[in-house]
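The structures come next, written out as structure tokens.
Paired with subunit B in one complex and with subunit C in the other, subunit A is shared by the two complexes that follow.
Presenting the complex of A and B:
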């Protein structure tokens, strides 16, 4: 299968770029709470590839839920979630 | 035709199902092919499978232990991520194709190539040999692939064994799918599919005979190839690399794929979109005396379109009158449906009186369309939801649909021959929806950005301006006439001027239509350039101020009552006094704006764009000055002393600089000419108020057309070194490269006319290309987004309930209910509460 590449120094640096919003892996309890709040299965969240540069940089594994806090021109600060999938 | 394919004549009984033509669905037959042929629609899959599996043992070219792991992984993926499972299969397939040696039996694997459209060839590199794979070989190889291996490759062996991608038997569709047509002369014309089937049968028979008689292999191969061609074109007659099968007349045949594909195909032409009953289409024309909610319908149309109305005690007398009028006389009725579902066609009823008397509650009368009915009105292209709106019927004499001018913007309609469609909803639910959701008044605010989309255009704006300028003074009679035209019966206010004559100003009249507690302030369209005003200290009357329902300052123009304007007076009326009020406001006051133009006359004449000699000579000296500068630039270029624009070549730098100089020249000449125009000149008024045209149009009419361009460059194509034989070779001067000195008033010279046409053509080509491109883009967007919806928790979901957006628009706001880009307009609230200008 896909061989895991060693994370390079670039992976860490991208987190500091101003256009990369804050990504946090949420813990299992909060994850369950989020799924309950929306009444969905984890796959029904938008997906984030495990190979995504930011996912690799924060060490997200398939099955994790990532919380992203970003700025929006209409809504100020918005919180969105991504479900990490293999690939 | 074999009767076993199904009943096709009236009165015929089907030998298979025993039904008549009405109920027999048709039955398939089959052709047993003498030799198998490849199904073109699956060559891609066959190609993949042949390469991914061993040509000896038929196993997938993946080591057994890996295959086992993959299968377990794939099974887990399939449950949770079907999409990823598909991608994984693709990945495994690629691995298998790469292998040059079978890990199961160790056989060396040759390279397989696909020679379009249906031929497969094996290359043995070391032996330099090349073997054509015939369908028999292909089929036997596909048969060898075991079910487990197919699963890894993403095939479901239960429903689709790969050898089924090679035909041995061809299904023959029933005749009801390919009916023959009887032409008047009595000659039968067969369907394209039937023609193709005949070809297949003929070739197949010849092939069989040759095989039986033991003909040489070459002949058999030729016929086999021919059979493959016929079967291929029977399925798809637009396969790349094959000449399409043609009719005797040279017309390409329409075979199976052609029936389904494309805009006129089964899906887009007959299933997603179809022709409907209870609809009408005709030319549109304007009628300013209708309400914006109404549509004028010709009597002829009203007599054909019907509304089914159920008879009750309350409407029985009225419906009886309709029946007595019959189908010919409006308002009549065309059909009656009795309680037991019998349809009576009133065209063939001799005694309508007795039918009318026998009418009882529970019957349904399909009566003519009449005033007050609701219909759906539409103009293509239907780009947004305002392209289909509900209108209230008003039956009128004439042969065109009539509509109010203020609803032209949402439909993007004009009256240069536009046609529109009309649909009559046939159920109570549909009518309720149309009346309470789709009606024009509910679409005054667009859901796109919350702005007003129905409002003043063209003459309404000129009229409003003429009424509200300071110089318009009206006598009592004139005021009364204006008010009467708008349908208002009210005593006018105290006149603004009492002596020597009682005179009213237009602003007073407008105030009579505004709510008593309405406040508004904003800049008018004319507030630009020398007439610019930022606040109420305005000499030019270009700042509009409304306090307590009185228009105190400013002229009314496009920015105040125009369609598609942000935060206009009309917008705040709609927001704060509601849709009903705004509808009435538009219906009434707009008629008055037209009336004032009718009274004083408003037209554009040649003199409006004529300029005097002094201005003309000023203008020409400005142009000459610029021409000199161009000459200098060219001189510098020739000498090589021209400054180069960073990132551009010398030639490009020259062109950029020349374009700059000439654009400025046109603007300055335009300014000179326009500033010389009379401010009450009608052409000028229209441009300034935003009613029609702009300063550039005026410039081009009065001063100069300026530089003509093609693809943003000065015109240079044509002969060697020059555009036209009228010029010297390599002349880089303005005239030789498409600068038009003359105005439309002056008239263009021969060479200027040519340059202008070259520039104009580009515009036409651009619009033609752009519309088709953006149309396709929009189609794809709509297909991608059509099932998304906002859930009660404000999340945006797709049809499976998956989340697309966590809060709609990331602020949960409905754009049609919010002022432009913000949820609330704080300034206006503050102004309303604690007073303006603080």
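Presenting the complex of A and C:
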């Protein structure tokens, strides 16, 4: 229980860390659009575990698609998607 | 002026429409270059055509074996690396694993690196020497053993006499009272007093007789009692980089360090990939993995394009956890039995597949090489598909 309490206090802090890119949960219509655009099933996207600290901080549930805005050294801002899986 | 502004706008619009879907940074760069050299609308149109062709020529085609190219592009320079682990003289009193051993460590996704390090930056209002020393003392793990000079066990009187080193006490910023307090917290059924003859001597009077067999373990227990600090932070060195103070710590404990007052939790860095994954998430682990790999390669003077390293990091973090390359990780999760058998522990793979009744769909490279088919790369990747439901 003690460790749970401790982790909650840095929950907000981790989202501000410079290594953590912006994560946004996409709504279902946009999710379908993305899958159509790539022509893939959701589980073919890279995964994001539901237990991932960032996933928990933004409240992503298994089945969600999370949009990640990475700052890439080669292409400025790059948008990637991850599919939230249990575990 | 208005006319020029209008022309500028129309050129920018042209750039945006022609290059839509490309990375925003490239579009911005082109816009800037056009403005800088005052390109006219007609010229801009012509140049955009050339730029578009050039981009098309330089884009990776579908079916290109990027993984193999990445493997070769990282593998060949790695053979040029010095095998020796340098004891880095630049950082005072700290060792950093570099070169091939570090690269192997990264690719194997080791739980803890052989030399875990944390770089702590301070918030602006704490960025001076005194505050830096204060924080460094607060976080550095100090045990009794760090300040003790000697431990004497007196079995007749059931007494252990702990003599402290005054110079170490000052160095670590600990008072004798602090030591007494932590001893009282950890030792039960004892009476702890400071000696009257020597202020640096602590007398631990046990209520029950000390078992002579257990003397060694009691001694070790006393020496390992924590006085202050954060678990895992073994040594803190203060460095000045530009006009900033940086605390370089041996060991890492992100979760607790991020809660310490005065530490800039947005910029704290460690080289422990697994810990970053656990505390900051998979995306942070991916960025750190890329950064660390590129640093190792650059430090050895090897020029490897970051795209290859990014591909490796992408594959390692694809399933949401950092997986090693190799039979326990990425290579072991291949779909094809033959491809796995071609890599390592051939017999085990084949037996397991036989027991489970696995099927090989022959979609990868290695299995098609084995059976003598065309490998699905480049032009051989393309297949004809008939979709009866499409008008």
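Following the convention adopted for this analysis, the second predicted complex is superposed on the first by the 80 of 87 C-alpha atoms of A that agree within 3 Å, B and C clash if a C-alpha of one lies under 4 Å from a C-alpha of the other, contacts with A are read in each partner's own complex, and residues count from 1 in each chain.
The working rule: a residue touches a chain if its C-beta (ideal position, glycine included) is under 8 Å from a C-beta of that chain, and two chains touch if they have at least 3 such contacts.
Just so it is clear, the structure is predicted and the values come from calculations on it, not from any experiment.
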Next on the checklist: If we overlay the two complexes on their shared chain A, which of subunit B and subunit C does A:54 touch? Say first, second, both or neither.
Outcome noted: second
Next on the checklist: Tell me the contact category for A:46 with respect to subunit B and subunit C: first, second, both or neither.
Outcome noted: both
Next on the checklist: If we overlay the two complexes on their shared chain A, which of subunit B and subunit C does A:38 touch? Say first, second, both or neither.
Outcome noted: first
Item to check | subunit C versus subunit B, contacts on subunit A by residue | outcome: C
Next on the checklist: Which partner chains sit in contact with A:78 here, subunit B, subunit C, both or neither? Use first/second/both/neither.
Outcome noted: both
Next on the checklist: On the A-aligned overlay, A:87 touches which partner chain: subunit B = first, subunit C = second, or both, or neither?
Outcome noted: both
Checklist entry - Regarding the shared-chain residue A:19, is it in contact with subunit B (first), subunit C (second), both, or neither? => result second
Item to check | Footprint overlap on subunit A, where subunit B in one structure and subunit C in the other make contact | outcome: 46, 72, 74-76, 78, 85, 87
Checklist entry - Given the complex with subunit C, which residues does subunit A contribute to the contact? => result 6-7, 9-10, 13-14, 16-21, 23, 46-49, 52-55, 68, 70, 72-78, 82, 85, 87
Item to check | Complex contact set, residues of subunit B against subunit A | outcome: 73, 77, 80-81, 84, 87, 793, 795, 800-804, 806-807, 809-813, 821
Item to check | subunit A partner contacts - residues on subunit C that touch it in the complex | outcome: 23-26, 28, 255-256, 258-259, 265-269, 276, 278-284, 287-288, 306-307, 310, 314, 317-321
Item to check | Residues of subunit A touching subunit B in the complex | outcome: 1, 38, 40, 43-46, 72, 74-76, 78-81, 85-87
